[in-house]
Each structure stands twice: as structure tokens, then as C-alpha cells.
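Have a look at the structure below before the remarks.
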Amino acid sequence: MFIVKYIKEVFNAVKSLLVGLRRTGYYFTHHKEIITQQYPDNRDTLHFPDRFKGEVVMPHNENNEHRCTGCTACELACPNGTIKVITQFDITPEGKKKKAIDKLVYHLELCTMCNLCIIACPSDAIVMAQTFEHSVFDRSELTKILNNPGSKIMEGVE
Amino acid sequence: MWNFSNIADSIHKWLNLTFSPTLATIIEMVIVGVCVIGLFAVLGLVLVIMERKVSAWMQIRLGPNRVGPKGMFQSLADTVKLLVKEGMTPTGADKFLFNLAPYIALIVAMLLMAPLAFAKDFQMWDLNIGVLYIAAISSVSVISILMAGWSSNNKYSLMGAMRSGAQIVSYELSAGFSVLSVVVLAGSLNLNTIIQSQADGWWIFKGHIPVFISFIIFIIAVTAETNRAPFDLAEAESELTAGFHTEYSGMKFALFFLAEYVNVFIVCAIGATLFLGGWMPFHIGHWEGFNHIMDYIPSSIWFFGKTFFLIFLIMWFRWTFPRLRIDQLLNLEWKYLLPISLFNILLVTAMAILGWYF
Amino acid sequence: MGSSSMIVLIIAALAFSSIAILIAKIVTKATTNPQKGEPYECGIPTKGTTWKQLNVGYYLFALIFLIFDVELVFLYPWAVVAKHVGWMALVEIIIFFFILFMGFLYAHKKGALKWK
Amino acid sequence: MVEEIGTTEEGDLIINVGPQHPATHGVLHLVITLNGETIKKVEPHLGYIHRSIEKMCESLTYRQFIYVTSRMDYLSAHINNHACALCVEKGLQVEIPPRAQVIRVLMDELTRIASHELWWGAMAMDLGAFTPFFHAFRERETINDIMEETCGARLTMNYMVPGGVMADLHPNFQKKVKEFITLYKLKIKEYDELVTGNIIFQNRMKGVGYLSAEDAISYGCTGPTARGSGVSCDIRKLYPYEVYDKLEFDEVLETEGDSFARYMVRLGEMNQSIKIIEQLIDNIPEGDFQAKTKVVLKLPKGEFYSRVETARGELGVYIVSEGGSTPYRIKFRSPGFSNLSALDHMARGHLLGDLVAMMGTLDLVIPDIDR
Amino acid sequence: MENEELKTTITALLPSATFEEDGEWLNINIESKDWLPFAQQLRKGDSLFFDYLFCLTCIDWKTHLTMVYHLSSTKYRHNIVVKSKLDSSNPEIETVSNIWRTADFHEREVYEMFGVNFLNHPDLRLLILPDGWEGKKPMLKDFEDPINMIKL
């Protein structure tokens, strides 16, 4: 009886190993199952969902206008101090003083893509871009100014 | 064209005609040395890329595909990388043994090449005790591992070396017994005679189930002897980081790496020689027509084909199974493989005496 | 080529590894600092010495192996002639194995084959 | 007996495993006292990635601190966020819209499957089988793609806000989840073929790292670690939150208490999660995905404690509020910290190779332990 | 057991205990010197059976420290919170690591983060902080990080 048990044990062990070998053997012969993405080569066909949080950008229209009013809601919402809004006072054509942004400084190196600033923004001036290749050679390049030079606030945005 | 023995003969004749016999012998030796070194290097490169491709495909990956066509030169690039790495010796190490160990690993691997018959009549040393020679030399390989592990003055290395010491000596037994079963059937220790005895069929087919069992035991034992997964306890990277070669870097590490792969080749070549007929083409009994067709395929292709099939088998094991624990590893040997092979050799002897093989 | 091939192979192995290591020495630029020479232990300085008495478990297997390996060497000449000698060879080897197996069982009973 | 083994003697080998070690999956540092191969003592040294999240949260507002917790147990980031959101909601006493509740539960369960997938692969890799790791990633990446589409990120989603979720589900969500379920059911059989049924694997796991039910409770083990010992501790069953009380699923319990039992619990949990997703995916109620909350959240003075079941066990969030817009003191009772404390007890007397199996089945995520 | 029942049982055990019920669970305020015997009774008592210590932490109230123990029973599924005031100049309390072994690690964490000295703790060493850490305990409210990168 001992021998029968012994042989049974060996048989079951070998069987379980063969089952595993069959599985890897299957994948060895079926190259269609390969899931590798050849990343730098497939850059053109890479698709990112619209909601992908890559980095904060400020869209400008063709007249170099943005929607930021300089209300600093994003600055307050940010947990890391990523955004600094530097405001200045524009003189409107009517001669009134109006608060506007001089620079919207964005520290990408501190950003954790938590999306809180985008939600906080009342005028939808900033959005998340789908970029993801953020590496640079110099750390200072990660500090960005989001508004284009000479840009203005869009008409009708309060 | 594929007949190596003719080429060797013509070179031999030409050398003896042009030079004095002594000089001719020396030149022949140099040629052999260079050839063996070349074979060594090529084997290392081919086996590394093969392992990487096999593992990649089993793991639903593409594997290396950047250097050269389909990544075929990847291992060359790896070699260059290892060449430019600094080979360090730890301050606390036993420097003499530490530097000696890779040489020994390589010498052992090299010496095992001698009795292998790579093709018909193409053998360095037609030794009449070839099997014994292989068994004797291969047991030296454990010394290089013990040396490397002990001299590193690193606890992981030490444990890896100790483990592999216990492991290799244990598995040498069942490897030896499974080899013996073929020796009993062939009645000779000469590798050439063993190959000749398989002219009408390989031992794995002729020997029925007992030889098949010893073939399986042989494969398991040599996987353990070459320290490959699932028996890679000597370098179990999730327990001992890199085991016995933790402290080795640069070219010294590369030599260990190379020796490991060449050892895999050698044990598979031995397996192919003993069980699958070496360079002997696939013959079935007295089917003259079929045997004749098979003879058209050059003998070197038969040899390398069989060897690489066995290498693939060992790689297949590596990329499928989890690693064993040290006590399970020794249990497997002492409770399963050794009693089975002891019993098996009796069966084979009975079979040999009765002549139950065609 | 005969037994001279052993010398050739040893010289080839030595030449191969020496040249490889020599080239590596020439190509690489060695820098030293005390931390580099420390034994690797996951980045933590090692505690105590490495070269000390180790658990006997490893050596036990080596000893048992020794016994069996000597038997294995005895088996080689037997194996060559077994086919010619005939049934007597089988009977002899069964007796031989029986003694061997008794020793094996004894070692097993004593717990020598259990990992400690 | 345990105490006897635990004493160090002359001739014992002290080995550091970690912080730079393949088996610790991060920067855990274990000091192991060995006699031969037998473990006498395991002593964890923590703190290599301690970022003092509790202290950080004291200076962040209730809206902001949720995102930080993604960095604790990054494999179940979503569930961590959930625990924090629940705690804040408890203080604010807001009603969460049913749609948001269902979305949260769906995401939780997807995260749980993703986490267990990674655990499965990594554990098999620890035991020396590399191939399962890549096979596990195939399914995990599918979940990550679903997450990316809806939440905008693959790992640290930050999809929770107090009062609901940040955005509505992506239109493709239902379709993709159903596709995933089909894929999962097809591929889960391979897991058994490759790992579960394998004789080497079973021998490595069975009888290794035994933890009795009493010890599991005493050490504060939760999640699959405790359920492998037969302790019923699923927060989703005991203290149901969101819609868990309306769902049909089983608490997976094994009684052996060894590594294999913990392994089987996790595999069973993946199937239960699929069951939950199947129940919910066609029944997502219409409505708001977020309750109306004030811009600046202020919790009333008091103490709030919420607990959820993460992939690793019970995560407790304890907020002490002084009535301001930031927490006065916040404490995360992380599952990994308590689970790790049982490692020494489990490992004593086993071999070094078993330690890897034990650590694998404890499913340690180091940031979760260090916080 | 409901909160009312718990209250009567615990009052019988420790008459000096005071209760708060505004939170989710019953809060019990005790003197730090009563803690160890009280903890033993909480663990052992058949009707209480608090075998699961699921959270152990400390709160720095600037004037004093408060140890907070969240206890639960896996048998009866009732929860309580035990709180004990500690003197901030010399915080000391008996360890409960021999009653609930999870307290071992949690107490070590509290020891290094708040400086609470757990009497009779078997292994009260630094767990998370690097060896040789000196100075203020990091989780105290008046801790100033010399290399604080971001100030909000």
C-alpha cells in the first residue's frame, strides 16, 4: 500500500508539472498573445483617454487669449504649492483698473496630477493635457509659465 | 561539405607535409584551442539570446529586439557591457581564491568538451572511459562555486555556496545512476561505442520505459547540477539576491555566467549522446530506405539539434516552475530520485541480460 | 588527439579567461572608495563575521554523498561487463544494493536525510 | 518553544534582508537571525520611505488630504481614498447620491482585483516562477486601462471627493468592464494551471507560516491574512458601507492558517469581486455623481472613525477635528503595519526560503506600512 | 452589547471611569495608572471580551497628550474607545503588548513619534525613525522640521 501511495504521489506531481508546461508551451508557440507595446516606435498610434492627467496647461485661442481671471482658486486648491499666480492690474479701455494675471507659474516637478486645481477653477481656464513625456535634462525646465507672453484675457470671462 | 572528419584529415595531412611532425602537432593544438575558444564564445552568445527569447515568448513578451535583426546581437552587446564594467574585489575577500574561482569554473567547462563527439568521427579525445571522465571532471565544478561563495566574505554568497554544495553532490548520484543504465545496455564506457550501439535506434526508444525513466531522472539531475531553476537555490535571487556570485562583477561575473551556460550545453550534449544517439541519425530497426534518407542529414546537425532540444527543455522548466526549498530539494533526491534510480538500474540490468531491446 | 587535448583545453581556458579579464582591466577605469569594498548586504553594514562555523546540515549530505559516490564508482566496471556476465551480475548487484539500501534506510531512520 | 528558538547564540548568522532586496518589494529591512537555514528571529526595521503622511495631512484641507492617501497603499489607492472620503462625509453628514455609491463600490472592487493580480504575480516571482508575473500584468493592465479612461490615471487615481466622485463614468466604462470580465473568466483557469495546482508551489506553501485564529486577532491581522486563519473580519460584511449590504457575496474563509490558505483566500476574493461587479455593472442608478458640498469643508468638533476593507485588510481613518478646515490629528490604521508584526511569530523555526513565501502571502506594500 | 450595558459593566469594573457618548462609539476616559488592570479585565471578561485592538494612537493637545485605544470584540462585535490623559512633560503609561500583541508595533510607533514611554514594554526601540534620532518627537505639534521644503 505504501508503494501504491508512493507511485500515485509521483504520478500526480508529474501531472501537475506537465499541466504547467503545457500552458507555457502554449504561449511559446502562440505569438499572437504577445502584449508588448513597442513604446517609442508606436508613439504615433498611442491613444490616451481624454481624461488622462498629464500636466496642467492653459489653452489659448487663436487671438492669444486665455480665460484666466487670476482669482487664485487653483493656487488655494493645490495641496503642494504647485501653482503660483502672479497678478497685475490691467487698465481696461474704459480706464478702469482690472485684475489680471501677469504670470501663472506652474511647477511640474511638484505636481501630483490630482486634478483639484482644474475642479476649483471657476472659469475653466486650465485643463489637463495628455502629454506624458516630462523628462528634461535641467530641473529648472520643469517650472513653466502657463500663459503665453503677451496673452490677454478672453472677452466676456469674469 | 558537412563532413568535418574530411576537413580535419586534410588539414592534418597538409600540416604534416609542410612542417616537421612536432611543429605540425603544435599548430594542430593551437587550431584546436582556438576552435574550442570560438565554440565557447559562440555557445555563450547563442544560449543567452536563446534563453532570453524563450523566456520572453513564454511570458507573452517580445524579448530583446533592438540590437541587430530581431535582437540577435543582444548578447554581444551584453558582453561588451560586461567588458567595460569594473571587476571589483571586495576588501574583506580572500583575494586569491576569489580570483581563482572563475578560472576553475571555466576550466571545468572546457575540459568536459574533450570527449564529446560533435559529429561523425569528429571528436577531440576518443576516450575509452568517456563516461567516467565526464562524471569525474563534472564533480570538480562544485569546487569553483564553493570557492567563489566562501572567498567572497559575504553571507549570501556563503549560504548560496553551501546550498549548492549540498545540492550538486546529492544530484550527482542520480545523474550517475541514470548514466549507468545506458552503460549497462551498451556495455561500454566509450562514448563512441555508445553512439554506435544506437545505430538501429536510440536508447530512449530501444530501452522501453526503464531507460525513459532514467532519461527523466537524468534531465532533472542535470538541471539541479547546473544550478538552474527550479533548482537554482545557489543563486535564488529572491532569497540570497544573487547567491554565490553576489560579489562578482564585470568580466569575472561574465565568466561564471558563460561557464554556467556552457555547462548546460555540455550536460545536454551528454544527455543527447547517451539517450538520443548523439550524432547518430534517427534510425528504425531495418527500414533501410527510411534510414538512408535520415543519413542525408549531416551528423553535426543531428547532434546540435538534439542538444538544443534538450537545452530548450531545460529552459522550459526554468520559465515554468517555482523554485524548490532546500529541504524539498534534498528530499526529492534522497526520497524519490535515488530509490527510483536504484530500482531502475536493476530493471535495466535484467532487461539487458534478457536482451529485451531491439 | 588523445590525452594532450586536456592540456590544450586547460591552456585554452586559461588563455580565454585571462585575456577577457585583461581586456576588461585595460578598458575599465577603476575607482576605489572604502564603501565599494564592503560586502553587499542590501546596503546595510554586515554584522559579525561571515567565516564562522556553519550549521552541520550542509556537511551531512556531503558525507552521505561520499559513501554513495564510492559505491557508484564500483558500479562503473560492473556496468560495463554486466551484459556479458549475465544473471550472476544481477544477483551480485542485488546483494550489493541490498547492503547499500540498508545503509540508506539506516541513515533515513537516524534522520540524517532530514534537513535541520 | 518559540522563546527558546528566539534566543541568539554564538554561531548564529545575522543577515540583513532589504532594504535593497528583490523579495521585499520596496524598502523593507528585515534583520534575520539564522541558524544554518532555520530562522530564529525576524526583526523588521521600517521607515525607509516614511513620509509622515499623518503630519502632512494636518496642514492640508479636507479636500486636499484625500489625494495624499493614494500614496499609502498605492495598489489599492482608490480604497484608501474611499476610507478618507467616508470619514469626512461622516463628519459632514452628507448623503451620497446612489449613483456615486455604486461607482465607488465598482471602482473599489476593480482596484481589489488589480491589487490581487499584482500580488499573485509578485508572489509567484518571489517563489522563483517568473512567468506568472507577466501573465498577471496582462489582466491588471486591462483594469488600469479602464481606470485611466474614467479617472484619468492608472495608479493613483484620486477619483474620490467628499460627497461623491470627481467625474461621471466614461461612456465606455460598462462595455469595457464587461469585456474585462469575459477576459478574466477565460484567464483565471491558467492561474490554477501555472501556479495553484503546481506540486512545487503547493509544497512551498502548505504548512508554512502558520497563524492561529487567536494569534491573528491578537496581532491585529486583518484582510486575507486573518481570513486565511478563519477569522471573519471582512468590514464589507461586518460594518457595511455604501451599497455592500445590498450585494450578494461571500466572505472567503479558510481555516488552515498557512500560506496556502491565505493564497486561496485571495484567489477566492478575486472571484467574489467579479461577482459584485457583475451585480452592479448593469444596475448603475441614474442621478448625480456628487453631492452638493460647500467649497471649504469644515468638520464639526469631534472625532470620526471610518473603516473600509482594502485589498490588504482593514484600513481605519481616525480624524480628530477642532472645527477648522484642516484635521487636528489624523491617524491611519493601516492593515500592512499590523500584518507585518505577525511575521516574526510566523517565521520562527521555518527555513529562509519560507520567509519569501510568508512575505508573499502577507502581501506587504511598504508605503502602507511606513505611511 | 449596547452602549448602556457596556457602561454599567465598565462602571462596575472601574468606578472612576467617565464616559462620553457624542461619538460613534462609547468613549471611556480613565486615569493612566488604572490602564493595565483595566485592559486585562476588558480582554478577559466573558461579557466584554475585547480581543481585538484595532487602533492605538496618541493625540497631542499641546497641554497634554491623550492615548486613544480603539477596542473591538470579534465575538460580540461591540466597540469601545478608551482614552487616557498623559502628562506632556513626562508621558508614561503601562504597555498592553502582552495583552494585545499588535500593540507591540503600535506602541513603538507612538513612542518614537510622540515620546510616550511605555512601561515594561519588551522591546521599546525606534522602529521607523533612523537609529540615533535625537531631538523633538516628530508628530508633536511644536515639532519644526529644519529642512521643510514647502511651507503652505
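Each chain gets a letter, A, B, C, D and E, in the order it is written, and its residues are counted from 1.
In this text, a residue touches a chain if its C-beta (ideal position, glycine included) is under 8 Å from a C-beta of that chain, and two chains touch if they have at least 3 such contacts.
In this text the structure is predicted, and so the values were computed from the model without any measurement.
Undergrad: In terms of CA centroid distance, which chain is the most far removed from chain B?
TA: E
Undergrad: Across all chain pairs, which one has the most C-beta contacts?
TA: Per chain pair, the contact count peaks at B-C.
Undergrad: Just the number, please: Cα centre separation of chain A and chain E in whole Å.
TA: About 42 Å, centre to centre.
Undergrad: What whole-number Å value describes the gap between the mean CA coordinates of chain B and chain C?
TA: Computed value for the inter-centroid distance: 15 Å.
Undergrad: Roughly how far is chain C from chain E, going centre to centre by Cα mean, in whole Å?
TA: A distance of 57 Å separates the two centres.
Undergrad: When the C-alpha atoms of chain A and chain B are each averaged to a single point, how far apart are the two points in Å?
TA: The answer is 51 Å.
Undergrad: Mind pulling the chain B residues that touch 2 or more other chains?
TA: 58-61, 155-156, 163, 241, 319-321, 326-327, in rising order.
Undergrad: Would you pick out the residues of chain E that each touch at least 2 other chains?
TA: 152, in rising order.
Undergrad: Provide the list of chain D residues touching at least two other chains, using ranges where the numbers run on.
TA: Correct list: 13, 15, 21, 37, 60, 131, 138, 194, 198, 200, 351.
Undergrad: Would you mind writing out the residues of chain D in touch with chain A in their complex?
TA: Touching chain A: residues 60, 63-65, 67-68, 131, 138, 141, 148-153, 156, 158, 161, 166-167, 170, 190, 193-194, 197-200, 202 of chain D.
Undergrad: Along chain E, where are the residues that touch chain D in the complex?
TA: Chain E reaches chain D through residues 22-25, 27, 51-55, 57, 59-60, 68, 70, 74, 77, 81, 100-102, 104-106, 109, 127-130, 138-139, 143, 152.
Undergrad: Can you list the chain D residues touching chain B in their complex?
TA: Touching chain B: residues 13, 15, 21-23, 37, 124-131, 133-135, 138, 194-195, 198, 200-201, 203-204, 351-356 of chain D.
Undergrad: Can you check the complex and tell me which residues of chain B touch chain C?
TA: So the residues of chain B touching chain C come out as 25, 28-29, 32-34, 36-37, 40-41, 82-92, 102-103, 106-107, 109-111, 113-114, 124-125, 131-132, 135, 139, 150, 152-156, 158, 162-163, 165-166, 169-170, 172-173, 176-177, 180, 183-185, 187-189, 241, 246-247, 250-252, 254-255, 326-327, 330-331, 334-335, 338-339, 342, 345-346, 349-350, 352-353.
Undergrad: Under the definition above, what is the set of chain A residues touching chain D in their complex?
TA: 12-13, 16-17, 19-20, 22-24, 35, 48-49, 51-53, 77-79, 112-116, 119, 128
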